[in-house]
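Heads up, the next two complexes both have chain A, just with different partners, chain B and then chain C.
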Partner chain A sequence: MSATPHQVTLSAELESLPRFRELIQAASLNSGLSDQDIYDVQLAVDEICTNIIIHGYADMDPGSVILTAEMVGDALKVTITDFGHPFEPTEPPAPNTEAPLEEREEGGLGLFFVYMSIDELQYESSPTGNVTTLLKKKSP
Partner chain B sequence: MQVFFKRKQQPEPVVPNLGSITLSLLEGDPTIPFTLKQINELPENIRRRVYRNLVPAHLLTRFGIDPITWLGANKEPLVFIKAEHEKIFVSARTTPAEEDEFFALELADNLLNGIDLNLLLLNDPTSQRFGTDKDEHGRSTMFGTINRNMAEETRAKEAGLAPGQVRNSLSASKIVFDQVETFLATIGQRAYFLEPLTYASAWVFEKRGFAYVRGHKLMDDIHREFQPQGKLYEALNASSPFRQPDQWNTVRGRAWAIHDGILETIDMNWDKLRMVKQVGKYANVNTFPNSIY
Partner chain C sequence: MEIIITSGKIDLISIDGSIDALTAPEVTTTIQNHIQAGHANIALDFSKVQFMSSAGLRAILASVKESRAAGGDLRIAAVQPSIEKVMKMAGFHNIVKMFSTIEDALKSFEA
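This part shows the complex of A and B:
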């Protein structure tokens, strides 16, 4: 049993990211998710959508990103649909977070944090749309 | 930022290449979609049973056409289909005359075996007709995209029509899109695509639940630049009947100005837009908030 999903469809531009974060906040209202849980989901959505905007719609007049969020049982389920280039997910290499800052490679933390901060990540691509699904369970 | 998603070099087709529709294929996995080409290879009467699903029965009975036989009150055929290769074209008329067409629809398989909506016409046959589809020499204007009949377009605009229209709309797009989706679900297709001819048609498709594969940013840019002090707003300088200052705040007004080439002001063109509708889903796009048609 789930409540009515929250949904927003915006252009694939970095300017849309604050609206996506607001939607996650609204969908989490009275959900029992902790502030840290909600922040984790917002961070994950930021990273996924940034990838879609920069790489998924590369060399195209940007199309839409559809973000849907709903509580399913005790978890927040977020679905991100886009119509850009299809991708194949691969396991992320773990960045060396122990190394001194000046020795670390630039970047590389984005999707690493996504994998670390949420409970499930699924990605499906087809010519009718690419769908990324994130699941974040309430922290015990 | 480092990307852990590798771009696919060869997108997979929507429909696998399984050849012609056979009884064993029909008895197999019902989620495997069919292409229009596969349906068009079926015998004529089977095709007709399938494509009957494309025409809203309510729309036909409204004009006295039998939704099963497709005959009018005088037993004359008033619904016509052309199903060849990868396309299906359906046309319905109040009389056998071409100018009395009130409904026309063309679907086609695209390169990935998905479905493109190439054409949708919904004309109120009782309304005044404007000759925007033919130039002064009687040649087709292709909805004003190849050449234009300025005198007829001016009259059409004053009568409240949008670019590309020859008559008032039937206001039946919702039942037609519902019907198309039912048809697509029947053949197992999950989405369909189109390229909007005009700004007004893109706006209508937004209201019917479409999202953008390409062009969402362009629509946002257009809205921003039509606001007071925007470049498109400033370009509505009464230099032609299609660029009047009050056109900034209506869908039709913007559509006529764009049809007239005003996007060149911001170094853009009305092309390369592509929209998608996922069957059973509503994208809720709104690039012109609080719009007036």
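This part shows the complex of A and C:
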């Protein structure tokens, strides 16, 4: 099935996070993705956009984040474009999920969730912007 | 997001909405203030939490640490399946007590 891409351009502020999640929800309507699949994408997008807002645009005026989502075949493809400092979302080491409470670090989980939640991630930084592309396939 | 505190033998803190990087600081501050006011035993009602990111998990982790440091505990009730998945990915089920109903979470403090 083909559908028009959903797109939104918002300022790189934490206040924009709910709007990004809403766009994923709208783009997933009638897509055949399960509620859990949609949640997984919302989580990945939320984590990446949070990093862009907090780290990518650190020490800069908040610029824009452009979010595009569309079904491509049986997968939801999400493109996130920003114009801040390049911040490559590389796969972090898995957290020690058996560690006792006292040893738990409070950071570093965001990118781990991204890699656990989606099927493919690509990142490209160029003078015209940073582009993160996510792909989430329908669960069988 | 809205936070409602219901006082009782054990206090119930209910969160309604999404816990992301925008709203997590309010969760941390509200629970922290509650613990510092002398209520270290808390049941956290998650039945109306629709979304939680790593920022939310950090807030919960900090709150559990704080309540235990004050001699109490923070226990979570009625987590929706998608959010339970997030908690399990992070291994939270190994360090935080979770209950399927609010009643069970409140009762667990009596044992």
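Note that in this section the second predicted complex is superposed on the first by the 134 of 140 C-alpha atoms of A that agree within 3 Å, B and C clash if a C-alpha of one lies under 4 Å from a C-alpha of the other, contacts with A are read in each partner's own complex, and residues count from 1 in each chain.
Throughout what follows, contacts are C-beta pairs under 8 Å (C-beta built on N, C-alpha and C of every residue); 3 or more make two chains touch, one makes a residue touch a chain.
Note that this is a predicted model, so its numbers are computed, not measured.
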{"item": "Fit or clash between chain C and chain B when superposed on chain A", "value": "fit"}
{"item": "Chain B versus chain C as contact partner of A:S139, first or second or both or neither", "value": "neither"}
{"item": "First (chain B), second (chain C), both or neither touched by A:Q42", "value": "second"}
{"item": "Touching partner for A:L14 - first (chain B), second (chain C), both, neither", "value": "second"}
{"item": "Which superposed partner A:T128 touches (first chain B, second chain C, both, neither)", "value": "first"}
{"item": "Touched partner set for A:M116, first chain B, second chain C, both or neither", "value": "second"}
{"item": "Touching partner for A:G63 - first (chain B), second (chain C), both, neither", "value": "first"}
{"item": "Chain B versus chain C as contact partner of A:I54, first or second or both or neither", "value": "both"}
{"item": "Inter-chain angle, chain B to chain C through the CA centre of chain A, in degrees rounded to a multiple of 10", "value": "130"}
{"item": "Contacts of A:F83 with chain B and chain C, given as first, second, both or neither", "value": "first"}
{"item": "Lowest inter-chain C-alpha distance for chain C and chain B in the superposed arrangement, angstrom", "value": "7"}
{"item": "Overlap of the chain B and chain C footprints on chain A, listed as residue numbers", "value": "50, 54, 107, 110"}
{"item": "For the chain C and chain A complex, residues of the former touching the latter", "value": "18, 20-22, 51, 53-55, 57-58, 61-62, 64-65, 68, 81-82, 85-86, 89-91, 94-95"}
{"item": "Contact set on chain A toward chain B in their complex", "value": "7-13, 50-51, 54-55, 60-64, 66, 81, 83, 85-93, 107-108, 110-111, 123, 125-129"}
{"item": "Chain C-touching residues of chain A, taken from the complex the two chains share", "value": "14-15, 17-18, 21, 35-36, 39, 42-43, 46-47, 50, 53-54, 95-102, 104, 106-107, 109-110, 112-113, 116"}
{"item": "Chain A-facing residues of chain B, complex", "value": "1-8, 11-14, 112, 114, 190-191, 211-220, 272-274, 276, 278, 283-285"}
